[in-house]
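Lettered A, B, C, D and E in written order, each chain numbered from 1.
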């Protein structure tokens, strides 16, 4: 089992952000995407999630291309982006329940998730009453509530206090120990051992994009 | 010249978040607000900016209460919150220009600001093409574009890459050296020397609020 | 596979309806708006008792359209802005199902109350008794189509940030047939003409939108996340 | 001090207009709805040539009012959601000025196109020639008041779950006098009666809203940030 | 003094004590008023027995205006002094005012059908009362449209204050415009111009309605306060800091 990308190129707006990028993640490994602001970490992560499409290159699992079977890919991933997907009127429990039930989570995994992210006691609190860090924790709780092979995390530590930061680190360690894969875009050092780094800076291209040479 | 608060209490929804809080900032000092997620850092910062009102207590400058002359207070502060106030269709330059011209900034301070936050070359890029960190830098550029006495920063390092992180630190150091005051709510260690810490945990209260004893 | 999709549909529908129930007052607001807007005509035109019944079909249909238009804006924007849309896009259920669930929920919250309120307005305008059954039938055929088309439009508006503002101009013209046939059918029945053809056209239109719009909506949603 | 405020007003106005020009499609929707709804109306009634001129004043005013409703929702929400509103609230210029600038920009982008489109609809409805000048005068007096009141309403619903429909429910009752006098003035002039009193009432209403609504808008904006 | 009773718990107790002293007299006065109005007062020389609608129509019209005024004042107090009880009283009064306005509209229509031969005319008085009705509904709708109760009450308070403009318009519409509706004969500067055999039951009804309003108001405020407390208790534990 492995997840890899070959010769990926990404275009945002009219600009070529990176090109010729390859990567591979194996069970138990943690891949950290680094690079300056604007180097394309978020873009790459969204490509991996299947939200955006690369203008060139392919994403694949050991058993086939993502493009050929996007539903299978979606069953295997969990994505925590900048936005928390927390509904103001629904309670913490109800919020988690929506995503868990769509992705095959159960009541049991939900309660484990709430516990691991320190949200017990807040189950019945409406989303609107949460602080920035509490929302983020709820968003991270999805990782536990619906179990998947591959986690895609975009700056997951934003707004977390030190205790939750450690909780997240433990979560990732546990995930990798059970053979899960993790890809993290972060500017903050997560203090996880044995990570592979992918510096997007190395794939940056200065290009005028497809309109090059026109006019 | 100093800015201080006395006996501040804050209520969010129906809950008393903190009470009896005092603080003082003097020229050249940096006050760091710390505390767990949900302890009220953001709430306190918004009170200081005059966006929210405390249910008890007073904010004041050496020369009078904030409540008596809010416009003077607004002339003295700069607030960078969670939201970046970046308009998708306006260019980086135009975005900065709006806030600068409303707060007495000039074309010159704008270009200095863009330079300090590493945004040169992006002047004509529309806001929608910016990455998370670039948006944040644009939002921080306001600090330089319009010069004020007091900076209020809510988790300013979110999404910044190491280079910008350093740029921000230099900015704050420069600001304090020229007699400015800074108040920062952050869960991340900013590595600035000689800061005063205010842990909101110490002012936490469990209270039923005003409806106690009804029914 | 099919069974699994129906399950997803029901899941999302349930969560949408739960959200709507938290906001049950919203349906009441739509009905109130509908009535308020209908009251405008006698105010503007002068309440000539002979004129009002003539206006009834047109007014009811325009107001239903407008009430719906006003509610589409909020259909996907909250999901888009809070990140729920991303999560929908990467959950194993296809976006088409989610689009269909959204349209159904919208119809339950907006279309159904409009249908229920329409006889009231017809009464205010003194629509002849013979018109009521056709009024209800056309509303029942027309409002789901409005919800479906509007859902597609709402999804396109999300992507419009990327430059395609004009797309949203398409929605109104697309709904035009509903309005024309809906009003014409009521008119016809009141004047004693047969309405079968009108109703069949409306039914066909509804079926057509049921097939096409979920695809269009899903495509637009996907596009909005790129 | 005063000069400084005028400068602020102009500054914000300029940036608002620049933003509006980037999103010119939004005003197009409003004018399109105005025209479509007005065109559609005769379809619902059957185009009896005698009836149409009678309806003209009322229909023009009602459709203008309703079309404006489509535009208020987006007046402050983007600023609210991207944090610009916070920045406006803490910049040294008072929020009242910002409210006024927003209303002015809204009028330029929405009210003005509606005024320009109104003779077109009057022509469709065969409004007698004598009515046009009064039509334009009432539109010129009424649309700014609509913009002002709508701005206040838009500020009140920031953060509410239901946008446009709720907003309309709040502001239409407050705008009814405009509709009533606007339509009555055109009616009167076509029938050969004097219209001075109607126009004066409309002018008074405009002045009143010019004084009150910026205060209300600013208050509502301030508390939306709490 | 005001501060003292504006404490929710104390106010709650006070309301409990006051309630029976308001509710019973209200019921009593309304019964008496109805008896006098319906059986023991002269028929009008013009209108005959239909005039008896007046004993419900007029007091409910007054209440509609009075309650809106009450709401606007409460809203202003709430916004200026930020006292939650003021907002609460506006919130509690709104549905009651809506009902009285509705009764005024319905009885007016019934009366209009017999007197003017039509349920409804678009004259200034009638239209402005209809606007009042929509303003009440708008107030309630706005209040409940927010997830955050504080936002809801402040926003609707602003609407309540703006909408107050309509109250004098209703009151003086009969003088300012040529309307079909009857001008004031009781509440006017020069004193009432109505015979005492009609005036007395009218006033009894008016006092009865007022007391009825205040008892309902207190009752609703008590309920709302308890609901608020339940919510407050529900979220009081949010502060239990999470992951440590």
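Everything that follows uses one rule, which is that a contact is a pair of C-beta atoms (placed from the backbone, for glycine too) under 8 Å apart; a residue touches a chain by one contact, two chains touch by 3 or more.
Everything numeric here is computed off the predicted structure, so don't read it as measured data.
Q: Count how many hops through touching chains it takes, at the least, to reach chain D starting from chain A.
A: Graph distance in the chain contact network comes out at 2.
Q: Can you check which chain pair, A-E or A-C, has more C-beta pairs in contact?
A: Of A-E and A-C, more C-beta pairs in contact link A-C.
Q: Taking each chain's centre as the mean position of its Cα atoms, how many Å separate chain B from chain D?
A: Centre-to-centre distance between chain B and chain D: 37 Å.
Q: Just give me the whole-number Å value for how far the CA centre of chain B lies from that of chain E.
A: Here chain B and chain E have centroids separated by 45 Å.
Q: Just give me the whole-number Å value for how far the CA centre of chain A lies from that of chain B.
A: 29
Q: Could you tell me the distance, in whole angstrom, between the mean C-alpha positions of chain D and chain E?
A: 31
Q: Which residue numbers or ranges of chain E touch two or more of the other chains?
A: Expected reply: 127, 134, 137, 141, 145, 147-148, 150, 235, 238, 242-244.
Q: Which positions in chain B touch two or more other chains at once?
A: As it turns out, chain B has residues touching two or more other chains at 13, 15, 36-38, 53, 82, 128.
Q: For chain D, write out the residues touching at least two other chains, lowest number first.
A: Those would be 23, 81, 161-162, 166, 169, 172-173, 176, 180, 226.
Q: Over in the complex, which chain B residues touch chain D? Could you list them?
A: 46, 49-53, 71, 74-75, 77, 79, 81-87, 89-90, 94, 98-99, 101-104
Q: Where on chain C is chain A touching in the complex?
A: Result: residues 8, 11-12, 15, 18-19, 22-23, 78, 81-84, 86-94, 225-226 of chain C touch chain A.
Q: With touch defined as at the start, can you tell me which chain C residues reach chain D in the complex?
A: 23, 26, 29-30, 32-33, 36-37, 40-41, 43-46, 51, 54-55, 57-59, 61-62, 66-67, 69-71, 73-74, 81, 160, 165-166, 168-169, 172-173, 176, 179-180, 183-184, 187
Q: Residue numbers of chain E touching chain C in their complex, please.
A: For chain E paired with chain C, touching residues are 120-122, 127, 130, 134, 137, 141, 144-145.
Q: Quick check on the complex: what are the chain A residues that touch chain B?
A: Residue list for chain A touching chain B: 12-13, 15, 35-38, 40, 42-43, 82, 128-134, 136-137, 155, 158-165, 187-188.
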